[in-house]
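For reference, chains read A, B, C and D in written order, and residue numbers begin at 1 within each chain.
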Amino acid sequence: MIRVGIIGATGYTGEEAIEILLRHRQAKLTALTALPEECGQIQDIFPRLRGRIAMAVEPLDLPAFAASVDVALGCLPHKVSMGFVPKLLDAGVKVVDFSADYRLRDVALYEKHYTQHTDRANLAQAAFGLPELFRKNVVGKKLVANPGCYPTCAALGLAPLLKEGLVRLDRIVVNAVTGVSGAGRKASLPYHLPEMNENLFAYAAGGTHRHSPEINQICSDVAGKPVNVLFQPHVGAFDRGILSSIYAEPTGDLSTAKLADLYRDFYHNEPFVRVLAAPPKLKAVQRTNFCDLHPLVSADGRHVIVFSALDNLIKGASGQAVQNLNIISNITETEGLL
Amino acid sequence: MIRVGIIGATGYTGEEAIEILLRHRQAKLTALTALPEECGQIQDIFPRLRGRIAMAVEPLDLPAFAASVDVALGCLPHKVSMGFVPKLLDAGVKVVDFSADYRLRDVALYEKHYTQHTDRANLAQAAFGLPELFRKNVVGKKLVANPGCYPTCAALGLAPLLKEGLVRLDRIVVNAVTGVSGAGRKASLPYHLPEMNENLFAYAAGGTHRHSPEINQICSDVAGKPVNVLFQPHVGAFDRGILSSIYAEPTGDLSTAKLADLYRDFYHNEPFVRVLAAPPKLKAVQRTNFCDLHPLVSADGRHVIVFSALDNLIKGASGQAVQNLNIISNITETEGLL
Amino acid sequence: MIRVGIIGATGYTGEEAIEILLRHRQAKLTALTALPEECGQIQDIFPRLRGRIAMAVEPLDLPAFAASVDVALGCLPHKVSMGFVPKLLDAGVKVVDFSADYRLRDVALYEKHYTQHTDRANLAQAAFGLPELFRKNVVGKKLVANPGCYPTCAALGLAPLLKEGLVRLDRIVVNAVTGVSGAGRKASLPYHLPEMNENLFAYAAGGTHRHSPEINQICSDVAGKPVNVLFQPHVGAFDRGILSSIYAEPTGDLSTAKLADLYRDFYHNEPFVRVLAAPPKLKAVQRTNFCDLHPLVSADGRHVIVFSALDNLIKGASGQAVQNLNIISNITETEGLL
Amino acid sequence: MIRVGIIGATGYTGEEAIEILLRHRQAKLTALTALPEECGQIQDIFPRLRGRIAMAVEPLDLPAFAASVDVALGCLPHKVSMGFVPKLLDAGVKVVDFSADYRLRDVALYEKHYTQHTDRANLAQAAFGLPELFRKNVVGKKLVANPGCYPTCAALGLAPLLKEGLVRLDRIVVNAVTGVSGAGRKASLPYHLPEMNENLFAYAAGGTHRHSPEINQICSDVAGKPVNVLFQPHVGAFDRGILSSIYAEPTGDLSTAKLADLYRDFYHNEPFVRVLAAPPKLKAVQRTNFCDLHPLVSADGRHVIVFSALDNLIKGASGQAVQNLNIISNITETEGLL
């Protein structure tokens, strides 16, 4: 039985990680931490968990925490996270980190989009935990950077095209719509129900979202050449899920049938990617660890379109983290997730 | 042309009052005020108004305000309101006040549920502005207390029964569900979309809501005897509207047909009350000044049930305020509201 | 491993039953049936299940079905169900029946509210499967009538009061609001999203809903005397869940503290009933088998109020059915449900 | 006073047209028609209208209709519409037609996407009623083809770019999300609330939507050269509104500031187009006749993006129709619409 602790357990990703681990047969939750002002019994913080778990969320006491867990899920924001990760690793705890701190190999890029990087040593050792694309790198690692929700959705949609060099690398547009849980568990006027209900709008307009460099890094790794994607996020009036509509220009003759074959082959052994014959519906991926894909060529043959859908809190966060946890713990990768 | 100013224009009731007044042919907006930190151009604060109005919201400068308006709509919270109302009245401005400050005749009751009352003189002069029940009192008044949203909904549903003495006065239950706009335009975790979406719950459980004494005052006035209602509010995952399901015990033989006649007669000349032959739907009253009613006797004859529905921001606030504004300004009561 | 078949697998309760059984460690799905025109691969009918199950839904072939299952979950409408149940029982298959056909002991009452009863023999043998109240009756049974969603919600809320004789039995009002899935998986104009979104309304007004006699039967059994409840359902703009707000008149002195103790004691050993210190939120029970309760006495002491919340598709249908399946199969009652 | 009749008054566009005309000071509704099985009192069909209008919807009796109206709003589906329009015109009634029958000048294109065209004579005389782009053509016309909702949204977003030749004409992608009212007032399983709530998905994938040729016709007219847009629609879980996110490749150096100037100039005198400094929110255009635009250049300068939002039932249908009605009736264009 792998012992798991969650650092920063009181946000939405913490809640989802707990839900998943309660059904996991080879891992058990042994510690939950949060900022002092957010501590309490987890079943009071998330009333839906009452009757399923009774456990205190406590301020992080690193030695005690390290003694009680084998793996930590780090549900902290960037910058805060790299303050704790080195200490956890030094104490012998493996870490699946949800923040952006260990995702971008290029420190300059990280520092441009986020803040000064203070843990380059571990950054160099971290695996980028998108198993469908980089599983081999994750095996045996002590530190896994769990990918962002948007990058997971976009990259799984684009990977087969990029791997095979079927589209122009400089004309890709990713139009994504996320549910409001993507903005976190903090009240703010734009997401107050009477403001957000029935609403839909773009934000971070024109490629300025911090997930852009992460998407480009993954895509470039898969393509083996620099890829420059325009990533445009939107937020819609629903709890959870991301639908990415991806537009690209084919470099040669392509057909929808050929794409369907390509995608089915590419993801043939992947338990969490479903290649569909029609555009995916968000509702079919909500509360699952699946990413649903539908690639096609436009009627006039001039565009490749890929629709990619996942749950931002599961495949885009806590589900994928448990996938990574399973891999680095030598547990069947699907455990707790089907 | 009546000149109207709105004090506290940056909340939901302010926004609705502006919407209504923009279509009003005998009133025009001449001043908008708010707390200094909330000031700006109204079309920036409420982008839906852009292209229809261009006007600054400014901190209240009482002499300037009084010089520019005939009637003020006071969209302020209780206590704050009675700080301004006497000055407005002294300056010759009529006031339709949205707060609770001038609604309860019994000062002790007000002070029990709210705070110390500091303007008893004007309280004694104020009309309770529920035109369908107390129109005569409103005519010619300088200060009108605009009723609460829940009390309007409950009282219009109960009035014919109470007037005719058809139900026991001590066994009435009002089960009401409101949309989230009833909680105002302030972000808070319970109304953050991912928390509230798909949600429904009771609050102020057991008759503890501040609107209880107001409901009882109206009902007692209509009945001519003390009425003691159990008022139980809930909040649901929609923007706006209140549906009250009212349960009472008949004092004698009653039938649905008889009730239908009674209600149609009672509201015969009322342009904003619609007596229906089936339970009202919230969607049919949203963004209107109507209150939809459906009274019936239960299959076993032992209960009277009345369903009452209205829009909390219109008939429950700004629409009713414009009704009162029209009455005290000698304008056709429906102007701007149909 | 218990082999389970679902008859009528293509509705919402079928979908939920499959979801639950996929996580069940001592039961496995061996057959799915539906009307011929609704057959197909279950993963095509419910795309969210793809990747988790691949199984054909086939027209019911009774001998083959009986040979392949130990227990059948009958997700059929009333009348249709009692056409199949006798044959299943004769073939040695245990049945948990979701329809109303075996719920009402009083045939005359059934025939008044539904249709002619054609299987009185089995009706007399059936257990009413509300384990928290009648567990002993369920153990060892071959036929279990799975209760209605509304009756489960209302009865769990009322049972402690009735058992202890704390309220008048003829003045109880159950005001319930359900999500739209309660209306089944059939398109109709009132539930077309642009009609239903942001909407809320009462239906079956005045105690005419078919669940009324079922609620009264359960309540009378618990009270040991005739109980006559006014049950008033509403439908709101959300997928799933029921919130019942129950109003009753105390027969003597009561306090909220006393009620809290009573309810905690009454449900002390029940894994699926959570007695809360505040009104339950629908969101905390959605997609769970819990029923959340909060009893209180009104501020003036004249009313007892109980809020009861559950998921109509889980504790109100498929979850409770699996509870019953577990009981009659000698499996831990919570298996698959936490 | 212009007399207006609505043919096909029982759908969502009919309802909205009535709402608008009730506030119109120079037009009055004199006739409402529908298929015989959908007739009745309009206030029973749309209960929200009760108390504002009392009028029968009757089967179309052409001579009587023609005698009672000056202008007809034809809210009929394609093919059906061109069966009536010639008769109305012959009877001296002006027509604003909501269907696709008179929108596409190229009959072959119409016949490819719709059906055989049976009224080429009037097609040649019809004006395409997008006033912001083709107002001059509308003035004085007897037949106006009211544009589609998606084409209006896309074309208003693209027009300034196309007019000035600032983007490549063969690499434009229009990613649009509509509310469910766009699918009409007919129940179907995909839009049953429990299926659609919280959902989002693409349809008519790959440029196969019938509005594609209409978008290309408008864009080509504005550009003066053939434009070939990829139009990809989606449907989201909200009542109404369309948000188009438009992606194009600049042909030369551009900046966001330059685009802002261009758009403000282009729409300088247009009362219903609002050029914003930030991405538009759907909620700000719902229930208005505005189209909100925000053009920008991506951070890397390689993409032009335009966000365009409108209400599909107002600016995308009935509001625009009243704009056209006003123009051909020599009424102030904004009457009834602000």
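The rule is short, and it goes like this: contacts are C-beta pairs under 8 Å (C-beta built on N, C-alpha and C of every residue); 3 or more make two chains touch, one makes a residue touch a chain.
Predicted model only: the values in this text are computed from it and were never measured.
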item	value
Partner chains shared by chain C and chain D (touch criterion as defined above)	A, B
Repeat of interface C-D, chosen from A-B, A-D or A-C - more than half of residue-number contact pairs shared	A-B
Greatest separation from chain B - chain, by CA centre	A
Distance between chain centroids, defined by C-alpha means - chain B, chain D (Å)	37
Chain A and chain B: spacing of chain centres that average the CA atoms, whole Å	47
Rounded Å distance between chain B and chain C, as computed from the means of their C-alpha atoms	39
Sites on chain C at which at least two other chains make contact	179, 195, 197-198, 237-240, 280-281, 283, 286
Chain A contact footprint on chain C (complex, rising order)	22-23, 47-48, 50-52, 197-198, 271-272, 274, 276, 280-281, 283-288, 290, 292, 338
In the complex, chain B residues that touch chain C	170-171, 173, 175, 177, 179, 195, 198-203, 205-208, 228, 230, 232, 234, 236-241, 243, 245, 247, 249, 256, 278-283, 286, 294, 296-300, 302-303, 305, 307, 309
Touch list for chain A against partner chain B, complex	12, 179-181, 185-189, 191-198, 237-240
